[in-house]
Every structure is written in structure tokens, then in C-alpha cells.
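Below are two complexes that have subunit A in common, paired first with subunit B and then with subunit C.
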Partner chain A sequence: MLFKNVLLGVFFCFSVLGCSGQKCDLKPAITIWHWMTDRDATFQELAEKYETLTGVKVSFELYAPSDAYSQKIRAAAQGINLPDVFGILGEKRDFASFIKAGHILELTSYMEANNNNWKNNFFPKALAVNEFAPGNSYGINPGIFGVPIDIMTIQMVYNKKLFSQLGLNPNRPPKTIKEFLEIGAKIQAAGMQGLVSGWGEVWMIDCIANNYAFNIMGKDKVLATIKGQVPYTDPDWITVLSIFKQMKESGIFAQGLVTMINKSAEQLFANEKAVFAFNGSWCVNVYKGMNPGLEYGAMLPPQASEKYPMAIWGGAGSSFMVNARSKNKEEAVKFLVWLTGQDQQAYLAQATNNLPANKNSLSKIPDILAQFSRGMDYATHPNIWGVSEFSPVIEALDRGIQSIIIGEKTPEAVAIEVQKIKEREMAKKKAR
Partner chain B sequence: MKIKDTLENYTFVLPAVTIFSIFYVIPFIWVFQLGLFEWDGISFTKVFVGLQNFKEIFFQDRNWWQSMWNASYITLIALTFQNIMAFMLAWACDREIRMKNFYRVIFFIPPVLSEVVVGMAWRFIINDIDGANVINRMLTQIGLSNFTHNWLSDPNTALSTVAVIHCWKGFGWGFLIFLAGLQTIPRELYEAARVDGASAWQSFKKITIPLMIPVMVLVAILTVLGTMQVFVLIVSLVGGEFAGHTSVPVLRILASMRGSSRFGYACAQGITFGMVLIIISFIQYRFSKKGQ
Partner chain C sequence: MCGVKHVFYYKSKKIVVNTLIHLFLISVAITCLYPLLWMISSSLKTQDMIFKDISLIPNQFRLENYVLAWKEGGFGRNFFNSIIYTVSVVFGIVIISSMAAYAFSRLRFVGSKFLFIIFMAAMMIPIPGSFVALYVLLNKLHLRNTPIGYILCMINVGLSTSIFLLKTFFDKMPKELEDAARIDGCSKIGIWWHVALPLAKPVLAVVVVFNALAVWNEYILALIIFDNRKFMPLQVALQSFQGEFVTNYPLLMAGLTITALPIILVYLLMQKYIIKGVTQGAIVG
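And now, the complex of A and B:
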């Protein structure tokens, strides 16, 4: 009898639990994978708010560091078990591969609904990173495939206090390379450290080299080089490479810059040990955490030529994509519309000191972030060029610049080496 | 009866063989198979290129062979400097010295530390502007200011500095294995040698060294396998490949996989690297057999 009662009891419990489970399943739940450690707490708060408003549960799952996240996303793509929403870390060709494999939902119709209502909220350059233009070299149908969550620009920052100590006007950073190089001598004489950056991690070298390439030869010639129509041995490219030599010789570089990791560079600048830093707009949050009293300003890298405007890397800092195979894709899109709304974006910007992707949310950001946001006028990014350089060529260029900085190679020698690799890669592509 | 015995034996080894196959043999075959394709790691389609990736590694990829050379250089320093130090310290701790247990613990601390922590700590010790600059200060204090240097950002010293730090981190493993080996040598042999009038050096040469050869071979194989695969320490010390001066094979494989999205090529590099390690280990093994 007792056994029978226990059995009935167990059966009853399972039945009740089963019902409650079914009831829970009726509510949609969206899973989002991301890598943004600094934004996780704010994302969780916003998710709770959204659940209160709509009853839709949103789970932000953090997988850091970004390298580990990147591998997880690729593995999930292979196993076709990507979450409802995810971000892609990598170059445009990786983004294109995800689209070709059918992992990403095209968002153009959502963006353009109601007279481009959603699309018009964003900075065009932030959206461009997630867009494939007609005739793009990746073979993707034109359209928008991602939602920018925030924007970033990579510029220079300078320490106002150290500027004053050097006898410089703290409200007038150098505008030309000549002025910049002159400061190098003053920095050397004062025994200070000049420019710090994560140039040990090479991609930032690529970034600044591109800035100067745009400034010296203009966008068309840079893109023509990528297309193989202009060689890297062109005098303009030699001028770009020579800038690094000039900077090295002027003493503007901090010691050990070429093996510096960005975290060390950020610590040095935040601790007022370096006059300049080359960093992205995310640094505002980092510096605030390290030294809240730091007085600094943002500036464009000093111009080397007046022929073309200086260009900096900028655009979408991080973006989310909707899984095309998700059964919750409609709900996921609705959540992203809400997340990129003016109030949510302003809250995200205030809480995390990142630049909002929604152009209507800029009014409440701190002054230093506003300075970074003004850089958006000069922003460009390899992901919006429509063509991409071969990775071995980028690697050879970055390594070559490191070699120039340590005095191992001349700009001319580096240009020849890079061009050789370019020709080899082009021949390989042709053979395929 | 014989069949029963054979089956019984196979049953005993079956779990080990199964686990070994699942986690080692099958992945190795898969990785080799992927090395025959051009694949970005995302698409469902792969383009078969045959041995093209291997051909590129062997005949075109200068960066790859530079990384192999760098790893070999670090390994050479580890095989000599690190292992000699480990052996000498183990030999010292095997004798009746004061606080020998304390030393045993101390020497084993570096190997159990994370490579990232070791890298950051040494970066702080060595570097000038973002560190304490301890080495250069010490050199200045003892009157050798001419030798002060940017150890990690000079292409002439970066790899050697990495190698020395790697030795500091890794010698504890060798120390522990050597110590265990030394403790298996019967004490009676030393006593008999002493009674026969052998000096300490003669005992060391005629008893310790010959009996320690198998242990030395084991330590040498482990050193080669461990050192050739070093990369975390390099990333935390110099941020990466430093214009090729601190490039090592694992960093090259990562660059192919993550930087270039060439998974097929990265797999081919992995297989090539694995084969090199297997060949080196095999040679060491054969060499030790011959020695014995």
C-alpha cells in the first residue's frame, strides 16, 4: 500500500512538473552569446528590463576572452548549434563565410520597414560594417546582415598635464607630423615616454599604417593597391613606411613600443607615464577604471600630407547577428530593435563608456567620448572597403613596420618584401 | 585455452586502446585529412587541394621555418642550461643538506605557475618603463651599466631572454624527475665505492651518471616536447611574434587559423609540426637504447 502511494506521489509530482515545464516553454526565450566582459552586467540589466516589459526572457551568455569566444562561435557554426543571437569577431571574409553557410539572417527588410525607421537610427558608418554592397568581392547578395550595438574610433590621445610640463598648449594637440616629430625631441629632453600602443599585437600597426596611407595617397590608390593595380614599391607607400622611421628617429616612440601589449600601453598612459597613446574609444572606460582623475584629450593622428584628409579606423565596435536557423528569430529581431533604441543605447553608453551606435543617443555621453565620436567624420574600416588584402601581405607589412621601428630594415626593403608576397599570393589566387 | 587467454588480454587493453584511438589516433587522422583541403573553418564546403598545403609549408613558407628555428633555439637552451641546472640542483637536494625539503618545494613553484603569470611577472621585472627594471638596476649597481639593455624589445636579445625565462619556469619538472631518479640509486653502491677509495667525482661519474641515463633521456624527450610547443609565455612577454624574432610554430599555426582563416593550412602545419616532434622523440629514444 505504502509503495503504491509513493508511486502515485512520484507520478503526481512528475505530472505537475511536466505541466509547469510546458507552461514555461510557451514563453519565448532568446539566447545571446557575447564576449564583452565590460558590458555584461549592463546587458543583464537590460535583459531583465526587457523581460519585465514583454515577458520574453533574454539570456546573455558571456564567453571571454575574445579568442575563446571566436573559437566557440566557429565550432558552434560547424555543429549548427549557434544561439539565437551572436556576434562575429574577425574580418569581413569571416562574416561572409557565416552568411554563405546560411547562419545569418538578412535584416534589410526589417531595417527598411516603416520607411527605414530602424535603419535611420544608426550612424551610416556603423551600419556599413554590417552591410554588403552591390558587386562586393565576397559574393554575398547586397543587404544588411548585422546590428551595430556600439561604435568605436581608433585615434590618438594625449596627456594634458604632461603637455603643460613640456611647455605645450594642452588644448592644442599637434595637427601635422612636423609638429608631432618636434615634440619627440622635447619628450626625449624631458626624459619622458612618448607614444605608447599595443604594437606588439601588430593589428594596431596595420591600423595606423592604413591611416597614413589614406592621408598620403587617398582611398582610391589604397584600394587599387589591394586590388593589385598599384605595387607596394610605389613612392607613396615608401613615404608611408618612412613615417615610422621618422617617428622612431624623432624619439616620439616610448621604449619597447614594438613589443608592447595594449594592456601595458593603457596602464602606462593611465598612470601618466606616457604623453601619447594610440588606442580605440574603448580606452575611455579603461582609463576611467585605472585613473579616474586622468586629464587627456583625443586627437586625430597628425597629418603627413595635405593632399588627402586623414582617415582613422572606425565604425561598428561590436555587432550582433541573428541566427537564420533559430526558431526565435522574429523575437530576436524585436529584441535587437529594442536594444538599439535611443534610451537603451544612451543607458549602455553611460554605463559602459562606449559610443552608442544610435546617433540619437549621443547627447548624454561624457566630453571625452564626444571627442572620439567626432572622429566618426574621418572614419573608415577595411570591412567597408569591399575588397580585402591577403592575410600574408598584411602580416608582411606589419612585421616590416616592426622591423623599420627596430632599425633592422629600411622602408624600401620592406616595400620590396611586401610586394613579393603580394605577387606570390596573386599568382596563387590566379592558379586557383 | 590459448584463444581464451588471447581474448582476455585483448579485453584488458581494449579500454586503453579505445580511449587512445578516440582522443589521439582519430583526431590525428582527421587533422591530416583537413590538411588536404582549403577550408576557412566556417563553410560547410571544403576544396580538396591534395598535398598543396604541405608543399607550401616545405617550399614557400619562410616564416614557418624561421619559427621552427626559433623553437629549436629555445629547446637547445632548455636541453642544456635548464636540464643541467635541474640535474645539479636535484643532485644537491638528494644529499644530506639542511632544509632540503624547503628547496624541493621552492624549486617546484615555477612549473606550477601559469605561463601568463610568469610572463607578466618577468615582463615587470625586466622592462624599464612599465616595470621595475630590476635586471638593469642590478647590472648598474655592480658596475656593469654598459650591459643594461632593453632585453625584450631588442631583436638580438628577445629570443634568448624568452628562452632563459622558459628555463626558469620549466627546470622544476626536470628537477623533480631527476630527484626521483637519484633516489632510486641504491645507497650501498656509493658506500661500496667509498670503501674502495673512490672519490666523490668518481662516484658521480661511474655510478650516478650511468644509472641516470634513462631518466636523462626521459627528461630530454619531455623538454623537447614541452619547449617546442611554447607560445603562451611569448605572447605574455612580447605580445606575439615581434617581427619574426620570437615567432614559434604554435604561433604560426594560430596565425594561419585565426589571422588568415586558413584552417586547412593550419592543420597541415600542425601535422608537419607533430611529425617533426615524433621524429625527434624517436631519434632520442633510439639513441638512448644504443647508449644502454
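And now, the complex of A and C:
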């Protein structure tokens, strides 16, 4: 009897739940899928505001964490179930594969309408991440395929209070590597911790190594190296690798930097236990949560050469794409035009501590965010170089820098190793 | 004199060995309990206090974190969903796997060994590897974004291991008991229901707890197949506190504490059977 009752109960649950998934809503609405937990509440507020203004309902659906979101997007693309607007996480080749499969609407004509009215609102480098240039290696027709919602730059930050304790001017961070290394000696003498960063997650080492490579040899030579025209054993690359040796010897690095994860680095800096940090602009939000009273400033990594300008990684932090198959695509584009307007972008930046993609919103955002935004003048990103380095080469370079920092290898030895891997990978590619 | 020495020697040896065993067990218990205590302690702190104050006892107890987590995470509906999914999936697995295991153990039919090997092979497939395939299948069956689709997937996920556990048990079960039931007029279904299932209680407890844990903690499949938040289980709601760069630790820890309670309760209720199941060799291999 009990078994029958339980069976009936479960059958009833199945019936009720099975039916509840199918619901018809005739009201026109735009659905947006995203992964940005910290921005969800603000997105919802803006959606309500847009509905009041236009009568168009916008639903922001949050699917976190980001890796699960990526899986959802891929599965939805396979099943042709993508929403009206969505974001793609990953590398540019993933973005390209979605375009090739016909999932993404080209936005160039919308961007360039009325004398580039929409396009001119954005930082050009933020837009570049969503753009495919003529003759790109992905085989995509040139054009703009995404809308940057916010931007990010990866720079250095310094603790103003600890700067004062070291007898330094808290409003004048070091501009050259020489000044930076001199501070290393002071940090050591004071028994403090110097630079913290997530260099255990090797991509951040790659980022700073590229910064110095651009500064020492210029963009063209870096890209020539990636194309295989300049070897990693070139004296300029040895100079780049030697900077890490010099920094280590000066005492500027915090203990355990090589294996440090970024979360630990953020905690150390937020708790005023480190003088410098190398981190992305998202850190403003992180530090605010960990220590709201922290006094710090943003700075470019100190320049090692005057020959070329310092470069930092930056560009679109997150972007939205419009589903080319959506019946609401025109409405979706209109909403994105509104969302990236000056006032909405300023509101989003103030509420979420992310940098706005609209360059006209800078006057309305907090000073520390504006400091990070100013770095956009120096920003570059591997996604806009048009060529990409082999993953094993990047890994060898990053691991090599770690070896230099722990004193295991010399810059010259690392350069030879990296070049060997580069040649091996190029031979493999040629054989294919 | 010699006897006294011996007694003293064995007593001291026993004390030393027991002390060492207890020290080892206490250290294992601490490593198991510390994360739980840290979770509860963090759920009562503010975000900045979590990073500044590492002590387990907070200066101020912020009980409102639990209210906020419940409200902001939308726990009410998700909690109900998780209970429905867990009960339905576990019930489905218990019924199907016990029938299948009994059939594999007792019935002779063509291809039984091959079918069993196929089920066992399914245990080797990592679940995330089948997500896209499951999504496409559910889409074609018009079961995507429906709770029934999710429940069927989760039943499927838990079947292989449960069949394996139950078949191992049924293989060892004395056949005489079934013969007696047959003489009393029991059908095959009757023997399964009146004889096999009651005897398999300890193994069923293991199956229930293992699968309940798996369903309760699952979120990636749910996130992929559901578009509508109202169908999401509790674990998906928890993810909303965890961002790419910023995590709301107090609310996340409060949410985790709320989430852990029902499953701890299930374990405590079935503890007796689980220990019996484990000691009787329910978990083989």
C-alpha cells in the first residue's frame, strides 16, 4: 500500500513538473545570458529602467560560475537555443567559431550608422577585441561582432600608507625600473613585502613579460618573434628576461611570489602587507570588499626603456553579442545602444566598480577607476595582435621566468630553451 | 615478578598504541571538521572580517547573513526544487536499479552479461563529457528546460553504480530464501519486493545516501539544461554569490551552511544502515 502511494505521489510530481516547463508568453522580451555575478543586480535595475522608458522587457539571466556558463553557451549553440543576447568567454578563436556557425550578428552597420555615432562612444581598443580586421587568420569577414560593456586594464597598484612609511612620496609612484629597483632595497631594509601578484597562475607572468617586451623592443619586433622571424635568443629578449633577475636581486618581490595565486596576492595587498601588486582593474572591487579603507593608487609598470612606450594588457572586459537567428535582434541592438550610453555606463561603473567601455563616462566615475581607465592609452591584448604564440612556447617562457626568479636558471638559458620549443612547434606546424 | 613485568609491558604497550591511534583519529577528525567550522564561522562574519580576522569565533555574530543569503539567493524556491529532484531521482534509482540488479543476479536471459558490462562501462564515462550530448538529446525530446528532463538525466547518471552495488549484494543472497517464497506462491516481482528489497536495506541505504549527495550537490547539468531560474536547484543559487573576481564569502558560507544541513540530516538518519552496509561488504571494489 505504502509503495503504491509513494509511486502515485512521484507520478503526480513528475506530471506537474513536466508540464510546468512549457509556458507561453506573448509579451515581446529580450533575453540576455551572462555570467557576471557582481553586475547582475545593476543589470536588473537598468533593465527595469529600460522597460519603463520603452515598454520592452529585458531579462538578464545569470549563469555562474563562468566555466559552467561557457558550457551552457556551447550546448545552447549546438541546440540552436541561444538567447537574444549573450557573451562568449574564451579566446578569439572561440568567438570566431560562433561567427562561422552563424550564431552572431555583424554589428558594423549599426556601429557606423549616423557618422559612426555608436562606434565613437567606445575606447577603440575595447572595440578592437570584438572586431575582425581584414585578412585575419580566423577567416572571418572583417567587421564588428560584439559590444563592449566594460573594459579592463592590468597594471600595478601601490599602497600609499606603506609608501609614506618608506619615506616615499605617496603621490609619485616610480616611473622607471631604476626607481623601482631602488625601492626594493628600502623594502628589504624595512622588512616589508614588495610586489605581490598571481604569478603562480602563469598567465599573469606572460602579461608582464609582454609589457616589458613591448617596452624594450616595440610591438613590431614582438609580433615578428611570434611569427618566427626573430628568435627568443635575441639580445632584446635576454634584456626582458634579465629584468626579472634584477627585480629579484633588488628585493622588490614578496616571498613566495612564484607560486602565489592571485586571491592570496589580493588578500596580502588589501591587508596592507605588500607595497605593490600587479593586478587587473577588477581589483578595485576586490579590495573594496576586503578592506574598504585601503589607500592605494594605480600606476603603469615602471618603464625599462625610453625607446618604446610601456604597454599593458587591456581591452574589453566583457562583451555582449547579438544572436543572428533571434527574432528580436533589432530590439536587442537598440537595447545595447542604450546600455552603452554615457549615463548607463557611468551608473554601471559607479555601482559595480568596473571600468566603463564608453570613453565619455570617465568624468563621472571614482578616481581610482579613472586612473585605471587612463591606462587604456597604453593598452594592447593578444586577441588584437592578429597572430598568436604557440601555447607550449608561452608556457616555456612563463615557467622559465619562474625559474629565473627562484635562481634556478639564467635568462640566457631560458631564452635558449624557449627558442628550442618555438622551433619544434614551428616544425610541427609546417609538417601539418 | 616476571608476570608483573609482562602485565606492565602489555598495559603500557596498549596505552601507547591506543594513544597513537586516538591521536591519529583526532587529527583526521579535526581535518574533516575544521572546514565545516570555518564555514560556519565565516557565515557569521562580514566580508572584510573574513580576510582580517582568522579566528574561528567572530567578534560579532552577523546572523542576518543567513536571512540575506536566503533572500538574495532566492533559496525558497530552489530549496524546494532540490528536495523534489533529490527525492524523485533517489526513488527512481532505488526502484530501477534494484529491479535491474535483481534481474542481472537471478534471471538468465540472452545478453545479460553483455548488458551488465555496458552498464558498468557507463560508470567510466565522465559526466561533464556527456553534457552537450544530453543537452541535444533533451532538446530533441522537448524535455530541455523541464524538471522531468533533469530528473531522467540524473536517474540515468546514478544507475550504473547503484546496479553494481545491489547486484553484488544479490549475488551473495541465499537462494533458499527465494525458494521458500516461491513455494509460498510469490511471483518474481513478489520475491523482489518481499524478500530481496527488505534484505538489501543496508545496501539501499548506501545507494540512497550516495545518490542523494550526488543530486543535492549537482549544479552544472542543471545550469546547462535549465534556462528558467525557477527550475534551478539550490546549488545553482549558491553560485550566484561566487563571481569571477569577487566572491561574497559571508553569504556564500551562510548559503553553504543552509545547504549542508538537509544532507547531514539524511546521513544521520541512515547512519546505522550505512555502517551496516559498508561492514557487510556493500561497497566492493
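In this text, the second predicted complex is superposed on the first by the 406 of 432 C-alpha atoms of A that agree within 3 Å, B and C clash if a C-alpha of one lies under 4 Å from a C-alpha of the other, contacts with A are read in each partner's own complex, and residues count from 1 in each chain.
Operating definition for what follows: a contact is a pair of C-beta atoms (placed from the backbone, for glycine too) under 8 Å apart; a residue touches a chain by one contact, two chains touch by 3 or more.
Keep in mind the model is a prediction, meaning the values are calculated, not measured.
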Item checked: Touching partner for A:R74 - first (subunit B), second (subunit C), both, neither -> both
Discussion item. For A:T37, using the defined touch cut-off, is the partner it touches subunit B, subunit C, both, or neither? Pick first, second, both or neither.
Written reply: second
Taking the superposition as given, does A:Q267 touch the first partner, subunit B, the second, subunit C, both, or neither? both
So, does A:E201 touch the first partner subunit B, the second partner subunit C, both, or neither?
first
Touched partner set for A:N117, first subunit B, second subunit C, both or neither:
neither
Check: Between subunit B (first) and subunit C (second), which does A:P392 come into contact with in this model arrangement: first, second, both, or neither?
Finding: first
Going through subunit A, the residues touched by subunit B and also by subunit C turn out to be 74, 78, 267
Per the touch rule, the subunit B residues reaching subunit A in their complex are 38, 40-44, 60, 63, 123, 127-130, 150, 152-155, 158, 236-244, 255, 258-262
Per the touch rule, the subunit A residues reaching subunit B in their complex are 67, 70, 74, 77-78, 90-91, 93-94, 97-98, 100-101, 103, 193, 198-202, 254-261, 264, 267-268, 273-274, 391-392, 395, 399-400, 402-403, 406, 408, 424, 432
Subunit C contacts subunit A in the complex at 47-48, 51-52, 84, 87-88, 91-92, 128, 131-132, 135-136, 139, 144-149, 151, 193, 219-220, 223-224, 227-229, 231, 239-246, 248
Contacts from subunit A onto subunit C in the complex sit at residues 3, 6, 10, 13-14, 17-18, 20-22, 31, 35-38, 40, 61-66, 68-69, 71-72, 74-76, 78-79, 81, 83, 267, 270-271, 280, 282-283, 285-286, 289-292
